[in-house]
Structure formats: C-alpha cells, structure tokens
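After this come two complexes, each holding subunit A, first together with subunit B and then together with subunit C.
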Partner chain A sequence: MGVAITAPELEPVSRRPGPLRTALFPYALIAPSILMIAGILAFPLAMLIWLSLQHYGLKELIQHSGEWVGLQNYQAIIADPLFHQVILRSLIFTFTCVGLTLVFSTLIALLLLKVRQLVRVIVMSSLVFVWATPVIVSVDIWQWMFDYEFGVINYLLTQLHVGNFIHHNWFDNPVQGLAVLVIVVVWGAIPFVTITLFAGLLQVPSDVLDAAQVDGASAWHTFWFVTAPMLKPIFLIVICLSTIWDFGVFNQIYVMLNQRPSSDYFTIAIYSYRESFGVTQYGLGAAIAVIMVIILVFVTFFYVRETVKVAEIA
Partner chain B sequence: MIAPGAAQGIRTETARAAAGTAVSFNILQQARQLVYDALGIAVAIVMLFPIYWMVATAFKPGQDILRLDPKWFPNPITLQNFQDAIARPFFLDDVKNSLIIVGVMLVLALAISFFAAVGTARFGFRGRTAYLVMIIAVQMVPLNALIIPLYLMLDGVGQTDTLAGVIAVYLAVVLPFMVWTLRGFVANIPPELEESAMIDGCTRFGAFIRITFPLIGPGLVATAIFGFIQAWNEYIVAYVLLSSPENQTLTVWLASFTTNHGPEWGPLMAAATLTGLPVVAFFLILQRYLAGGLTAGAVKG
Partner chain C sequence: MRFRKAWFGVLFTAFAVLATACGGSGTGTPTEESGTLTVWLMNGSAPQAVIDSVNADFTAKYPKVNVKVEIQQWGDIGTKLDTAFAGSTPPDVVELGNTLVAKYAAAGALEDITSKKSSFDNSGTWLQSLTDSCTVSGKLYCVPYYAGSRAIIYRKDFFDAAGVQAPTSMDDLLTVGQKLMAAHKSDPNFSALYFPGKYWYAALPFVWDFGGDIATQSGGKWTGSLNSDNSQQGLNKLLSIVGPLSKADKTGDEAKQDAAFAQGHIAMIIANGWEVGVITDPKAGNPALKDKLGAFPIPSHNSGQTAPVFLGGSDLGVAAKSKHVNLANEWVAMLTGQKHMTDMATVGGVIPNTTSLLSLGTGLNAVFFNAAKNSRFVPNSQNWAAVESANVLPDMLVKIFTKQQSVADATSAASNRITTILNGGG
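Take a look at the complex of A and B:
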C-alpha cells in the first residue's frame, strides 16, 4: 500500500511534458544515421544487384549507363571453370582459417585461466599489440619474415633442420603461399577471438566446474559437456564473424602478392575486384559480388539472431 | 545416518593419509603450474615476435638487415630507415590526408551516432527494435562487395579521387558500430540520475548536460578510438577511390611501397612502424576505458 501511495508522486517526473517529449523527437535523433547508412550502404547494395544484371564495361562507364542483359552475367560465371576453383578455394581458405583460429583461441583462452596473474598480463598485452596492428602493416611484416632471401622464417626452419629452406620462395607454389596467408590471417584473428572467449570463460560459474570435477569428469569432458555448451552463443557469434571476415578476404592476399596476385591466389573478393577494376567488366564483377553476399547472408542471419538474443534488445 | 563424531573421525583419517602424499602432490602441482606458465610465455613470444621483428629491423642499419644469419637485436641502432621513409615522395601528403579523413569523419560520426544512441537508449518508439537489428545486420555487409557500386556512384557525382568521397564512405562504415557501442554506454547510465538532478531543480536539458553527458564522455572516447582505428587501417576503399598519389592515404602509400620501389626492408619496416604507432597508442588507451564499468555504483547507496 505504501508503494501505491508514493508511486504517483514520482511518476510525473519521468513523464513531465516538455519540448523534447514529442513523438517525433526520437525519429529525428536517428534520422541522420539512417540517411547515411541508406545512402552509402543500402543504396549501393541495391545498385550492386542492378549492376549485376547489366553489361557494364568501359564504354558504359563513360556513358554512365549500362546495357540490360538479364541473367547473362550469372550464366557466364556459372559456366566459368575459374569461378568454380575460386569458390572452392575461398571455402577451403575460410574453413581452414576459422578452424585454426577457433582451436588456437580456445586453447589460449583456457590456458589463460590456468596461468599465474603475471603471465596472464603478459599474454593479454601481447594479444592487444597484435590486435592493434593494422592489417597492411602486418602483411608487410610477414612479407619480410617470409622473404625468400633474407627472411627470418627460412633461416629458422633451416637451423631447426626442418629442411633446406635457403632461398625458398613460398609463393612459387600456391598451396604454400596460401598456407602463409592462412598464418597471416589466423595470427591477426587470434587476439579478438581469444579475448572474447576468455571473457566468456570468466563468466562460467566455478561451482559448476567444481561439481563436474567432484563427479569425476576429466578436463576434456568438463570442457566439452559443461563449458562449451555454456559458451555456445559466444562461439556462434565468433564463428559467424570470422567466417564473414575470412570469406571476404582481400587485403592480405592482394597486398602480400604486391597488388598483382596470379589467378592461383584468387579468392572470391579478389576475383570480383579483378573482373571489375582489372578488366573493366563491372557487370560480371557485380554478379560475383552478389554471389558472395548471398553466401554470407546465411551466416549473417545466424550472427544477427545470436547477437539480438545476447543483447536482449527485443 | 553417521554421527557427527564419526564423520570427524573419518575426516582426520583421510587428512592423515593425505599428509603423506601432500609433499609430492604439491611438487606435482607446482610443476604443472610451471608448464602452464611456460606455455603462456611461449604464446606471448610467438604472437609478439613479428611485431618485434618489424621494430628491430626498422632500427638496424642496411648491412645488418640483409644478412643470411639474422641479427636478433638491433646493434648499432640507426634512425636512417625512418629518415628514408619520411623522405619518400608523398609520405607527408598521405599522412596529412589520413589525418584529415579520419578527423572530419570522426567529428561527423560522433555527432550522428550520439544522437542515435540517445534516441534508442532513452526513448521507446515504434520501429526501435527494427532499427537496432538493422544496425547489427548492416555491420556485416562486406565492404569488398560494395566497392564496385560505391566507385560507380561516387564517379557519377565526381567524388572519386577526393577526400570527401572517402570520408562519406568511412562515415557510413563506422556509424553502425559507433551507434551500437554508444547506445550501450547511454543505456548503462540510469535515468534516475537525471531524474534526481531534475528534482533538485535542473531542467531536463540541464540535467542531460550536467549529469549524463560527462558520464558518456568515456563512451565517446572509446567509440571515437574505434572509429579512428577502422578508418586509419582501411585499405580497399581508399585504394579504389583515390587514384593520384598526392590524394592517397597512409595505408595505400604503405601497400604500394614494395611495388613501386622493390623491397627495401629497412625503410619499409620503419614506415610500417610509423603507421602502426598511433593505432597501438590509441588501442592501449582504449583498453583502460573498456576495462571497468565506469558508472557501476553511481546509483548504489
């Protein structure tokens, strides 16, 4: 009863009518952001689809208007054996990168729970430094480390008797070259994923883990049956984000191969770029980009669903 | 049911038995701890080595860089590589361009995202959830896929090879993230703080300026740093949109370093160090801001 008496006195404060309380005010607040996002992200997305249905070459670029060809660009791509290779390469590359990132990050995050405080601070700082390194900078570093002549990696591998790597050029063989690029991508991705997973691990209540131990569960069983299910939403978000980033990989490959990668190194984003800006077939390039977006829409859907759930905005 | 006394007896029994193995158990635990710590240090070394190698190379004189057996520590130290990098054509132009682009973009982005954050955190309105879902989803639009229409669109209005075009694109790219993060900061400040200020005689606007705004300060700094890092590091948009070297950004300059001049590792590593430096500095500040719930406890008591 006491609550019922005092409540009405407080109510008017939050409902005080004022100039800011008009119904349109919140819409005015979000309007600029909607305008920018619609103009620079949504409109180009629509334009991308429209472009993919046109023949749009150098002549059309000068005239600022394309020639409608319907689904011809898509037919051309699907018949193109290079495109099949590119898709397969992108999928394998993404799968490898995401898998390795996840395994290493999980192991490091679990290790962080076990080490003493000082070591934890040291590992965390190293992760933050790597995280902060701009992608182009990191590509330059790895390029230098994997240099065929004076690279420190070739020296170390030779010294450790892994084999004779003196004057070994990693990029002569695309499989080796892509393996190097996997290292570059995974190295750059580990900090974000590890720190996110570690933050999640800290939230797993210790009494649950103790209970599992008392019941005789091994470390592996505790992780697999107790920790992992509790971290499932975080794992899903991290997997989705990594997949989106790695499937659309461009910078690392393009800059590592000195801005002219051979077709053996084409991933879907590079292929799309080459078709449009390299050989001025913007329609074809757009169609490839649309296919990339469609593949990623599924991943994005899962990501948005999980994020909405975790953030509880609905 | 076991009597308390009996349980006591059992406990002392096991304790005595445990005491015998306690010493060896302790050593085992210490050894395990040592292994964990060693693994942790190994992880830190592997992660940090590439960055160390960049900085070390940047400070080495030329003949110490091009060696078949590398010198692990830069000795003697030289600043020649940094001087070479800075003296390269267009370095200073491109630093200036990067700063202009990031600066103008951030001022606009902070204002726009701040409005949107207040709108979504402080007001309930129809379409709010849809707006927030859009904000999350749009962050996932791959920029690499949009580069073709963005180029054609800006080409149509004569904004390729201008800083304005790049600023507009970066603004749209960082906005969703900044709105989302700032919204979290605003939502974490309880409206009760403003309301109590209003009870004490503040106007609503005054309460907002005096109470909420200072508390959002760290949030503004954090999101600004995020925006800075994203824009400073961005490559493909700047590379496609900006064609003349005097209009390009630092990342584009750095990426074309090897192509145009062949690999000169010393100056390249010096340039890479200079490019990464502001980002690392800002990142370290950011860590501090993200570390604690800044207003936690502001309402308690």
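Take a look at the complex of A and C:
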C-alpha cells in the first residue's frame, strides 16, 4: 500500500535565490575552470582531430585551408609497416623505462629512510639537482659521455679492462642504442618518483611496521604486505604519470641522435614529428598524435580506474 | 554643382596619389619609404662587415626604412620556416639552403621574381647550379647568394713524411691513403681519410663520377637511380676507399670532422673551403696547423680528371606575403650585387654567385672556387626537401658502411623510397 506524500506548500522566502539561480550557482562557480580547461586542453585536441581529417601540406599551411580527406590519413598510417614497428618499440621502451624507474626509485626511497640525516640531505639535494637540470643540457652531457670519439664512457670502460671500447659506437646497434636511451630517460625520471615515494613512506605508521616485525615478518614480507599496499595510491599515480611521460619521450632521443634519428630509433613522438615537420604532412602527423592519445588512454585506463577505486574507498 | 563635383574629383585623386606614395611598398621616392624590413640570414653565411656595409648602402638610399637582420641557426630551420611562412607577417627576405627553395616556391611561399631577373647584377653569369635551384616550373623564385663546393683538405707535413703526393685518381687516393696508414700504424686513432658514415654530400661525387645519379626525370616522373650499375660502382669504390682508411664514426655525420681533424690524427677530410678557418680557429681548432694544410680536388676514377662535386649554397628569396616586396628585392639586389659579392669572396672566402668573380679565389680558396666549375645538384623537385628530412641518403650510407646491407640492397631500398617521395608520396 503506497502512501502519498505531499510536499508542504511553503511560502517563498523573498531573500533566498530562486530555484533556477540555486541550480545554476555551482555551475557558475565551476565555469571559469571549465572554460580554462576547454581553452587549454579541449580546443587544441579538437583542432588536432580536425587537422587529422585533412590533407594539410605546406601549401595548405600557408593558405590556411586544408583539403578534407576523412579517415584517409588514419588508413595510410595503419597500412605503413613502419608504424607497427614504431608502436611496438614505443610500448617496449615505455614499459622498460617505467619498470626500471619504479624499481630504482623505490630502492632509493627505502634507503633514504635508513640513512643518517646528513646523507639524506645530500641524496635529496642531488636528486633535486638532477630534476632541475634542463633536459636539453643534461642530454647534451650524456651525448658527450657516450660520444664515439671523445666519450668518457668508452675511455673508462677501456681503462677498467671491461673490453676494448676505443671507437665503440653505442648507436651502431639499435638495441644497444635504445638501452643507452633507457638509461638517460630513467636517470631523469628517478628524482620525481623517488621524492614522491619517499614522502609516501614517511606516512606509513611505524607501529604497523613494528607489529609486523614482532610477528616475525621478514623485510621483504613487511614491504610487500604492509608498506606496498599502503603506498598503492602513490604507486598508481607515479606509474600513470611515468607511462604518459615515457610514451611521449622526444627530447632525449632527438638530441642524443643529433636531431637526425634513423628509423630504427623512431618512437611514436619522433615519428609524428617527422611526418609533420620533416616531410610537411601536418594532417598525417596529427593523425599519429591522435592515435598516440588513444593508445595512452587505453594504457592508462587501468591505472586511472584503480586510482579512482582507491580514492572512493578512502 | 558641377564645380563642386570637379573639386571632389581633384581632391580624391590627390589623396589617392598621396596614399599610394606613403604605402611603403616601393612605389614612392626612396627618401619617403618607411617601415621595417626583416631579413633572415643563416648562421655563418655573410661576415658581419658585409651585412653592415649592405645596410649602410641601403639606409643611405632609404633613410626611413629600418632593416632588421636576424641570424638563424641551421638545425631545424625547416620547422621555423614552415611556421614563419604560415603566419601573416613572415620575414621579408629569407636565406634558403639551395635544396629547400623548390619546396617553398611550389607551396607559394616565395615571390615570383622572373620579370625582375635582369635588374640583378650579373644575372647572366650566375652559377648554373644555383640558378637551377631558384627555378621552379620555369619561373625564378630567388637570387643565387653564395656557393660552397668541397675538395680534400690534407696535412702537408704528413704527406711529406710519408713521401706521397696529392693523388690524381681514386685508385691513387687509396694507394696514398694506405701509405699514410702504414706510416702511422702505431696510432690506433689515425685516419688517412676521415669519412663519417652519414656524409652524403661527400659520397655523391663518387656516384656522379661513375655516371650515376640520385634520380632521373622523364615525362614528369622521377625514378630513383642510386641502384643503377653506375651509381653502385661509385659507391663500391667509395666503400673500398673508406673501409681501410677511415676510423670515423660509421653512423655519425660530418658536424665534428673539423674538431677531429684539429686533434692531429687525420691526414685528409672532404670539406668546404671555410672549414680551413674552423680547423685553425684559436678557440675551437688548432692554429698551429695553419701552414700545414693543403687542398686538392676530389680526384676522378679517370686519372688526371676531377670528380663532379655537390654544389651547396644558399639563395635569397622574398616572401610572397611580404608587405615590402620592392624594398626586399632592392636589399637582395644590393647584397648579391657586384660590390658586396666581391666582399663575400675576398672577406668571407665563400664562392660568389657569379662565374665572373671566381678568379677572386686565392691560395687554398682557389681549389674550392675551381671545384665549383665542375659541380652538380640534387634533383630539383619540390619534394626533395622531404627526401632530406627522411634521411634517405644518410641511412643508406650507414647501412652500407656498417655492412648491415649490401650496396645492392641498400641502394635498391633507397631508390624506391626516393622514387616514392619525389613523385609526391610520403
């Protein structure tokens, strides 16, 4: 049996805003942020998608009018065998970089908990220094270090009798060359991740760790079953950000290889740049960039979902 | 009524004349012209003294025009030019590497100056390769500026110590190189001929000397020809010389060759004339080498002859969107005229834009100036810049020198790629 409930008829209060105004007020408050985000993110993204559906060469760029070609640019890219290699290379490169960054950063962050205050200050300062160095400057220095003729790495390895590295070319073999690039990228990524994880570690209550120790848990078990789950939200965020950054890596490869990387070193960002500015096919380059965004959305979807879940529980 | 109408007519005409005269686009008297003329020159093209002299002459004629010369860097200039030409206020005058002109002319970025050709000094004796680079579909889009051609710079003291003379054929080059290698066998870093793997400008003379070419055009269609028998013969010859004589990076480019040469472990490099200055520069190089350097042309495989060389260089174009087309042309005419070209040759040591001034090359420069007489150019297509951007030639050479591919396979892949790109494919 249903019970009919009728709302009491209330006299409108003249000083309070009307229902429409009340409903719109939150939107008005959020409008500036929405407009800002739309201007900075949505508009360029929409332009990018628009550009990717046109034939847009140098002539069209100068005349400011492209030729509508629908999905032809996407078809051309998907048919290009180089594109498949590039995607695979970018994914392997990204996962390697993110994995190594996480392992080293976690180890350094854990180490920072154990060391004396002075050592901690020195290590943290060094990390901030690495982080603050402009990418182009640091990559230039890496390039000198790995130089074929004048490089200190070749000199040191030879002096240490690791082998004869005089005139050893690190970029002769793409696997070796990409390994060098992984080192450069991971080196640059460690400071941010370490400092973030270290901040998270400081929040882990010591009584929980003490309890685990009393219960006889080993160091590894303590980390895996106590510390890591507590750091999960932070891990998710740094994995998500590192994946986005490493997937779009450009400067390190472009500068290390003298602005002329061969196709063996193309990651998706380099490939997009080459198509846009190298061979002046801006429509094609835009289509690659759109595909890059779509892949990133897929790759990071899992992390974002987990992050949201964790946030909901909290 | 009629009287008032007539007055209106007179006033309107007078106003129109005045407005046109003040327009700043070159139809008024020089002293009345005003505005700012923006000029983009590339790093290292003209000595500052020459630019100052041109600007002084220009300001004397157009006292109210402000000339702003901005020096650009070669790395990534393509990206910068694309965005500049796409904007509404591009620079009025632009220096363009001669392999880039066709791309920008075909896209409508440059002013057609065909009808003004005769107004430029020495236009009848401009270097043919540079004039070709400025000509797209029979129309002239730029003025030849200066050229650079390569020869071999060598260490005279090393040659004397090894008892060898400047070689007169490619086989002789190998023999001389082997003697030098033998004389320096205790130095593991020694290169008789230092040849970085991506140095395609220096590889082309070998291709051309055997009758090969990058691509040929027939019926409006391009066909890559680096895989022709003649081209392959040239590249095989190059490989047979570079293999035993060079310790240079097989995947590197020529950017560091002068610094490497200055270190004293190299007997020969293929280089431009101005690189002598870099090698002997007190800061970046080694001034002690000044009297120890010599130069000779790249020898042909036919004894006693020289191989055709790639004629690099720059042209000066006027942007089609320029608001000061006439002033821009006037400035270009001054820099490329007899007076300042003479300065470019004598002060700057670069090859001037006209054959009538080639005799100005003296000393070592004479070798480089003479090399320009037997010079060739890349396929003059609007799509050539895309071949360069795609690194087709450097990648092919790297594959050959590192033995990742045979000459036949590498040239075949490169030729196919060149055919596709030159005919408009990506």
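Observations on the model:
We take it that the second predicted complex is superposed on the first by the 256 of 314 C-alpha atoms of A that agree within 3 Å, B and C clash if a C-alpha of one lies under 4 Å from a C-alpha of the other, contacts with A are read in each partner's own complex, and residues count from 1 in each chain.
One rule holds for everything that comes next: a residue touches a chain if its C-beta (ideal position, glycine included) is under 8 Å from a C-beta of that chain, and two chains touch if they have at least 3 such contacts.
Note that the structure is predicted; figures quoted are calculated from it, not measured.
Contacts of A:Leu284 after superposition: subunit C is touched, whereas subunit B is not reached. Using the contact criterion defined above for the overlaid structures, shared-chain residue A:Phe302 touches neither subunit B nor subunit C, since it reaches no partner. In the superposition on chain A, A:Tyr155 contacts subunit B only, with no contact to subunit C. When both complexes are overlaid on chain A, the residue A:Ile62 reaches subunit C alone and has no touch with subunit B. Contacts of A:Phe165 after superposition: neither subunit B nor subunit C is touched. After overlaying the two complexes on the shared chain, residue contacts for A:Asn258 are found with subunit B and with subunit C alike. Once the two complexes are overlaid on the shared chain, A:Pro26 sits against subunit B while remaining clear of subunit C. Of the two partner chains, subunit C is the only one touched by A:Arg274; subunit B is not.
Touch criterion met: A:Val123 reaches subunit B, while subunit C stays clear of it. Subunit A has more of its residues touched by B than by the other of subunit B and subunit C.
Touched by subunit B in one complex and by subunit C in the other are residues 61, 64, 149, 166, 258-260, 277 of subunit A. Residue ranges of subunit A in contact with subunit C, taken from their complex: 57-59, 61-64, 76, 148-149, 166-167, 169, 171-172, 258-260, 262-263, 274-275, 277-281, 284.
Those residues of subunit A whose C-beta lies close enough to touch subunit B in the complex are 13-14, 16, 18, 20, 23, 25-30, 32-34, 36-37, 39-45, 47-48, 51, 56, 61, 64, 108, 111-112, 114-116, 119-120, 122-123, 125-145, 147, 149-150, 152, 155, 166, 187, 190-191, 244, 248, 250-251, 254-255, 258-260, 269, 272-273, 276-277, 282, 285-286, 289-290, 292-293, 296, 299-300, 303-304, 307-308, 313-314.
Against subunit A, the residues of subunit C that register as touching in their complex are 75-76, 78-79, 82, 85-86, 103-104, 106-109, 188-189, 198, 247, 249-253, 255-256, 260, 385-386, 389-391, 394-395, 398, 402, 421, 426.
Residues 33, 36-37, 39-41, 43-45, 47-48, 50-51, 53-54, 57, 65-70, 111-113, 115-116, 118-120, 122-123, 125, 128-129, 131-134, 136-138, 140-142, 144-153, 155-156, 168-169, 171-173, 175-176, 179, 191, 195, 198-199, 204-205, 229, 232-233, 235-236, 240, 251, 254-259, 263, 265, 268-269, 272, 275-276, 279-280, 282-284, 287 of subunit B are the ones that touch subunit A when the two sit in their complex.
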